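We call the chains A, B and C, going by the order they appear; numbering starts again at 1 in every chain.
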């Protein structure tokens, strides 16, 4: 009985341990398959034409610059929306709102995080873009700006929840100390609480940006899908096409193993690396902040 | 007769907190041995060595031997599960598991493979009586243990240890959170316990040490300063530092 | 005089500031509520027994969306089969077994990265590994596996948080009574952490149910005249169906589009509400 018990324990422990390590394996597998299908691009398409400004796969033009610029401009717009609204809402929830309000707001924001992006894209097509077309007097409502608005909304819950956590973990004593010195709540928020939560707020912004870059369905549905190099701010109000939308729209129609197929995987690889960088930076900020907090507390 | 013999035990935690330095002592069977001294002196660490609970914490280095019934329990080949059944422990804060009173008491027995209801019922009654709480809870054994008062919870925790019929009972400041009346009940239970068990107690005050000790050991910053018969040590300590501590000059 | 002026000024600033922040929060929340009410309102009239239990016909311009509903159910369940045991086990490892060393840090970084990988990249990965390399084809199996890996970080991090919230003293006491680590986990810790774990699992599956990009090339079918028969069949799914009828089918009746959006929304919101309720009830009941 004791023997069989220790065998069971041994096997269960091993299973649990391998599950723990599976996350590393999955990241490695994802990277491996992106490399495997994406790297042949470099042999098939010359680097100079990859860095061209023309994306027209049917005639073998594989310039990915317009796609990168499309992703950047949409993400930039989304960030400009998500940061003030996300952090403002986080400050409201954590510092200003009465308790009952908090209990309503937090699940609501979480709800927004759970809304399928395809539903937002759908409303973007039917409601937002016709409105913007008339309101801003544009030739079409399917623009980078439309995408930015919706993406901003999609990134908000990420920003709110991470920033709110960060604000929440600022020790109450900091605030009380500040109030005791005669500072108003408002001054305390700006001069004490937010600076103390700085690294967490930065992480929130990074993760929000990461969320925006990677979003696919919404941008595919509302940005008009025109692979034009965005060079000036005015491009915000014309159709663009992002990296994610390109993969989603075209992968279904290419032959496996064709150059076009490899290039789409290559774009996926670029996206993977971008998200890797964003997340490693975001998480190292968190780790460093934690370390510092531990040092101060011990 | 010595139940436990500790030989040159030294230990250091990874985070550099409490440690033990070259502790050697014998612990008598069927007696209450009290380990006392200021906080951080190594008393709890020593207790946690005796049932290898220190395995759960990050220990940097340890040397020496602890012989229980002639076997070195620090040997990596020791069956720690069996050891912990033989060496029970009651903690400073009462921690009822989130189960009913009855389930708390039989938790260890069930894990040890006991399935017979009669045996389990018997153990529940015996250990609750021994912990002087049977009358208070016998009609509410299926209620959650968390609903009891602190003093009752602590006696449930003692009963939970006794249900396993250990040979040695370790008590780490078991009355630190209790009112004087509950404390009295627990101390009375101790006096009863030593007839059957070897009891090692870290008291929560010098007074409690003096009240309960058959043998007493004074620990200071990881070292065993003085060890001897309880009465003698508290009335006529040999070491200046022991005397200073007992008289309340530091601590 | 001066101080009184300053102090009044400070409080005016505070009032203005608080109003501004409150406004920001309101502007953030109104579209969320608005979206939900708008879709409930617009889609409500499309809902009928025929719509929920019928097959699409006339090039999807008429009939019901049953295959899409069933398909999303299958995909969600399929995702649960893989991601729930794996995710909870990984959370147990991180919370109960892992030491604070380089490897553990690497696992954490990997999980953070999994959470950040764009959903369409998961789609590419699923296509490369499950559809082509393992030759599962465009199938429920391949799509579920892809969604599982995507869901994993949500389940792991929420479950780990729930496990860590269980007081350390329970573990110490259980071990001191002769329990092994696994006995402690299975008898005490998991039971206490269950509501938190359940919340995480449902929130993770909610995300999987609403996703489109990962299943685009791994399991989603444009149109199927019958329900899928085995895990190796492709399937229709609500989010993909909504995408198809709102962008790919000309002259699509607006009613059906809103109705489909409504069904998807209700599917996802129900999971969200269940998760929220479980969490708040467990919080109220908790005794430690």
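As a working rule, a contact is a pair of C-beta atoms (placed from the backbone, for glycine too) under 8 Å apart; a residue touches a chain by one contact, two chains touch by 3 or more.
Quick caveat, the model's predicted, so the values are computed rather than measured.
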Practice task
Please list the single chain whose C-alpha centre lies closest to the global protein C-alpha centre.
Solution key: C
Problem - Chain whose average C-alpha position is farthest from subunit A's own - result: B
Practice task
Round to the nearest whole Å and give the separation of the Cα centres of subunit B and subunit C.
Solution key: 48
Practice task
Could you please state the distance in Å, as a whole number, between where the Cα atoms of subunit A are centred and where those of subunit B are centred?
Solution key: 54
Practice task
Can you check how far apart subunit A and subunit C are, centre to centre, with Cα atoms defining each centre and the answer in Å?
Solution key: 16
Practice task
Indicate the residues of subunit A shared as contacts by at least two other chains.
Solution key: none
Practice task
Send over the residues of subunit B in touch with two or more other chains.
Solution key: 81
Practice task
Could you check subunit C for residues that touch two or more other chains and list them?
Solution key: 180
Exercise for the section: Under the touch definition given earlier, write down the residues of subunit C that touch subunit B in their complex. Expected result: 99, 167, 169-180, 183, 187-188, 191-192, 287-288
Fill in the blank from the handout: Note: in the complex, subunit B contacts subunit C through residues 51, 53, 56, 58, 81-82, 84-85, 88-89, 91, 93, 95, 97-99, 107-108, 111-112, 144, 146, 157, 160-161, 164
Handout entry: Partner subunit A, residues of subunit C touching it in the complex
Key = 10-11, 13-14, 17-18, 20-22, 24-25, 27-29, 31-33, 35-36, 38-39, 85-86, 89-90, 92-94, 96-98, 103, 105-125, 127-129, 132-133, 149, 152-153, 156, 180-182, 203, 206-207, 209-213, 216-217, 239-240, 242-243, 246-247, 254, 257, 261, 264-265, 268-269, 271-272, 276
Handout entry: Residues of subunit A touching subunit C in the complex
Key = 5-6, 8-9, 12-13, 15-17, 19-24, 26-27, 29-30, 33-34, 36-37, 84-86, 88-89, 91-93, 96-97, 105, 107-112, 114-123, 125-127, 153, 156, 160, 184-187, 189, 207, 210-211, 213-217, 221, 244, 247-248, 251-252, 256, 264-265, 268, 271-272, 275-276, 278-280, 282-283, 287
